[in-house]
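Below are structures written as structure tokens.
Note that chain A is present in both complexes that follow, paired respectively with chain B and with chain C.
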Partner chain A sequence: MSEIFGTLFVYLAYPFVRYALVVGVLIALCSSLLGVTLVLKRFSFIGDGLSHVAFGAMAIAAVLNVSNEMLLVLPITVICAVLLLRTGQNAKIKGDAAIAMISVGALAIGYLLMNLFSTSTNLSGDVCSTLFGSTSILTLTKAEVWLCAVLSVLVVAMFVFFYNKIFSVTFDESFARATGMNAGAYNLIIAVIIAVIIVLAMNLVGSLLISALIIFPALSAMRVFKSFRAVTICSATLSVVCALLGMLISVLAGTPVGSTIVAADMAAFGIFYLIGLGGTK
Partner chain B sequence: MALITCENLKLGYESMVVIDDLSFSVNKGDYLCIVGENGSGKSTLMKTLLGLHSPISGSISMDEGLVQQEIGYLPQQTVVQKDFPATVWEIVLSGCQSRCGMRPFYNKTERKLAMKNIVRMGLCELKKRCYRDLSGGQQQRVLLARALSATQTVLLLDEPVSGLDPKVTADMYSLISDLNKKDGITIIMISHDINSAIKYASHILHIGDKIFFGTKDEYINNNIGFTGENAL
Partner chain C sequence: MKKHIITATACIILLASCGGDIGSGSGANRIDVDLTRLSSTMVYSEVYNMVSTPEDYIGKVIRMDGNLNIYPSEETNKIYYACIIADATACCQQGIEFEWEGEHTPSDYPEENTLITVVGTFDSYNEDDMTYYHLRDAKMSY
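Moving on to the complex of A and B:
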């Protein structure tokens, strides 16, 4: 046991490991916040769709040799998020179909661009790390850590500020509209927050696994807790704990960060599911 | 003066007209039932009154004292709400949302108002319970309490008793009737149930092939959609 802690301390002495842990915790916190809203609004897959868009944007950034990828990836993802949630209401192509269309389209274009223009010698390695996140979190620079930290704080602040409004719009959009709330504007805010979260979370788990980060904590919390507030708090806590656990295990055991975190989330879901079953009896 | 006046309304979606040339008015303290077959445009009319849908032509004018924020609405339940993790308290309080404006949190007055409506609907013991664990009738009362948090003037109800058993239905009707008689809240209700509409309402609006608007007595004498098997 002491041997394990010894190894851990050796690793923690490296600044990049500490950065990774800080960023990981912040991202996990943000990503879990809107999970409840997305699950209940039947938008579970929007995370997946948007992350593929972010992947495509990243490919474009790589081709254009943009120094700071986020500056390009973030706006593109935000625009797509707005479009997707907009079309959800009265478009010719309905919600899930639109998400499927945009997500596979962006994935294909992204890979195509990377293949055609890439200067890297290890193309499949690059693609793999963008999709599954593998080691990228350990190579973060100080500037990226700060950017992540600022964006996460912004996301949390926005969520707290609009908490009651997000609740109203999620629970009953037509009532909210009927009583004079500008539901469209709040949907827009939700879309923007999601997009920011996706771009942040891509660093941690890669674009294929983001949905797990958003949805698992919310679903686990919903098994056990009965009020919106408790579910939100529980899913945020759970997400942070799982991310921390996942990262530590991955550092010690040398497993890929993203999939280890998701595995931890799945285990937590299993436990909460059982607790929920016991609770209803 | 009439609270809500509709003149020569033409409602529909894109090229399809659902209701044509509809005029009626609702006065303060009225209990209006909107009846008609499926697809006759009842829900469309409701959405138009709520400002969720704009009419093709015609006008809706509201009394000056009545603003959008003062309309309470009891919608039909959505799938989303069936497994929503929220307590009764959280839901009733969310009815106060339109009073908040940009303020992010509820203040004392709003909490008091929500509590008052919980008591009014007899939900005290259920306050901390989860909405999805309640029975159909209890859920409707929660939504009614929420609607009351939003308004003191007008309540629009979209088939408030659908899916409820006869006893709960009767309770619900008398609850609504009390709100109308004791608290003077104007009620506009969509209903399938013509018999109950006649029993409780003061005015009837029948939409369909023929449009009728008038008081309950006029409606009974007029006999529209009120033939043999429906007449009690």
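Moving on to the complex of A and C:
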């Protein structure tokens, strides 16, 4: 055990490991906060759809040789998030079908563009890295770390300041509208926050595993706690712990970062499920 | 709850600015960056950093193990040798070119993809108006 801790301290001396831990924790915190809202609004799969949109946008950015991909990926993802959440009620193509359509469409277009126009010598590596995160979180530059930190702080601040409104819109949007609340505006805020989280989380777990980061902590917390506040706090704590644990196991054992974090989330869900079963008896 | 979330976020950001780089060793057999002691995820990330910010590693003695890759170039009429490592998902590879110390013919090298250990000084060189990076005066064992 002391050998493991010794190795861990050696690894923690590397700046990129510290950056990864900080960014990973921030992303886990942000994603879990919104995860509760998304699960309750039955939008669990929106993270998957938007992450595929982000993948498509990254492919466009790569083809256009945009130096800072975030400048293109973030606006496109935000626009798609707004479209998906706003048109859910009245659109001809309803919520789940619209998400599925945009999801696979963006994924296909992204891969097609990368195949046709990419100048990279390692196309499969680029695709794999984007889809599964690979070691992206361990290869962040200082500027990317600061960008992630600033965006994470904004997300947390928005969630904290609009907590009561998000709570109302999440549980009963019709009632919120009836009381004079501008539910559309708050749905828009939720959409923007979701898009920012998705773009950030692509570095941590890749675009295929983002949904797990959003829904597992929320679902685990819901097995044990029943109030919105308790579920949110538990979900945030659990998500941060699993992300930290996943990243530490990954650097120590040499496993892929994204899938190790998701495996930790799954194990936590199993434990909370059993605790929940015990509590109901 | 608001106070707790804001405090936690502030602590996390402060953590990023703590600590420093690993110190260099000293003596004739010093190794500044020993990649053989790191896990595969760590090795890939460190080599990525060496390739993306090479100026931070110039003059440092690097020890790494990986697979030998051989690149014959028709343009320069030279053969380049590199030590390649893959990431944990095995979809991405990073490598560093090395120059085996002493005089060697291609037949002295092991077969391609042989697992090798290389120790050399990270340095830059210019070729065709381009700057490249390699491990010079490298000792190779396999």
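Definition applied: the second predicted complex is superposed on the first by the 281 of 281 C-alpha atoms of A that agree within 3 Å, B and C clash if a C-alpha of one lies under 4 Å from a C-alpha of the other, contacts with A are read in each partner's own complex, and residues count from 1 in each chain.
Keep this in mind: a residue touches a chain if its C-beta (ideal position, glycine included) is under 8 Å from a C-beta of that chain, and two chains touch if they have at least 3 such contacts.
It should be emphasised that the depicted structure is a prediction, and the values quoted were computed from it without experimental measurement.
A.B. asks: Identify the partner contact of A:156: answer first if only chain B is touched, second if only chain C is, both if each is, neither if none is.
C.D. replies: In the superposition, A:156 contacts chain C only.
A.B. asks: Looking at the overlay, what does A:178 touch: chain B (first), chain C (second), both, or neither?
C.D. replies: Only chain B is touched by A:178; chain C is not.
A.B. asks: Go through the superposed model and pick first if A:145 touches only chain B, second if only chain C, both, or neither.
C.D. replies: It touches chain C, and chain B stays clear.
A.B. asks: When the two structures are overlaid on chain A, which partner does A:82 contact: first (chain B), second (chain C), both, or neither?
C.D. replies: Neither chain B nor chain C is touched by A:82.
A.B. asks: Comparing chain B against chain C, which has contacts with more of the residues in chain A?
C.D. replies: The partner with more contacted residues on chain A is C.
A.B. asks: After lining up the shared chain so the two structures overlap, which partner does A:229 touch, if you call chain B first and chain C second: first, second, both or neither?
C.D. replies: both
A.B. asks: Touch test for A:16: chain B only (first), chain C only (second), both, or neither?
C.D. replies: Touch partner of A:16: chain C, not chain B.
A.B. asks: Contact-wise, after the overlay, does A:29 reach chain B, chain C, both or neither (first, second, both, neither)?
C.D. replies: second
A.B. asks: Scan A:72 for contacts with chain B and chain C and give back first, second, both or neither.
C.D. replies: neither
A.B. asks: In the superposed arrangement, what residues of chain A touch both chain B and chain C?
C.D. replies: Residues 160, 163, 229, which sit in both footprints.
A.B. asks: Applying the document's contact rule, which stretches of chain A touch chain C when the two form their complex?
C.D. replies: That would be residues 10-19, 21-22, 25-26, 29, 122, 124-125, 128-129, 132, 134-135, 138-139, 141, 145, 149, 152-153, 156-157, 159-160, 163, 229, 232-233, 236, 250-257 of chain A.
A.B. asks: Any idea which chain C residues touch chain A in the complex?
C.D. replies: Those residues of chain C that touch chain A are 1-2, 4-6, 8-9, 12-13, 15-16, 18-22, 37-42, 44-46, 48-49, 52, 87-89, 91-93.
A.B. asks: Across the complex, what residues on chain A touch chain B?
C.D. replies: Residues of chain A touching chain B: 36, 40-42, 160-165, 167-168, 170-172, 174-181, 221-222, 225-231.
A.B. asks: Enumerate the contact residues on chain B facing chain A in the complex.
C.D. replies: 50-52, 67-69, 71-73, 75, 78, 80-81, 83-87, 90-91, 94-95, 97-98, 100, 104-106, 128-130, 133, 146-147, 150, 156
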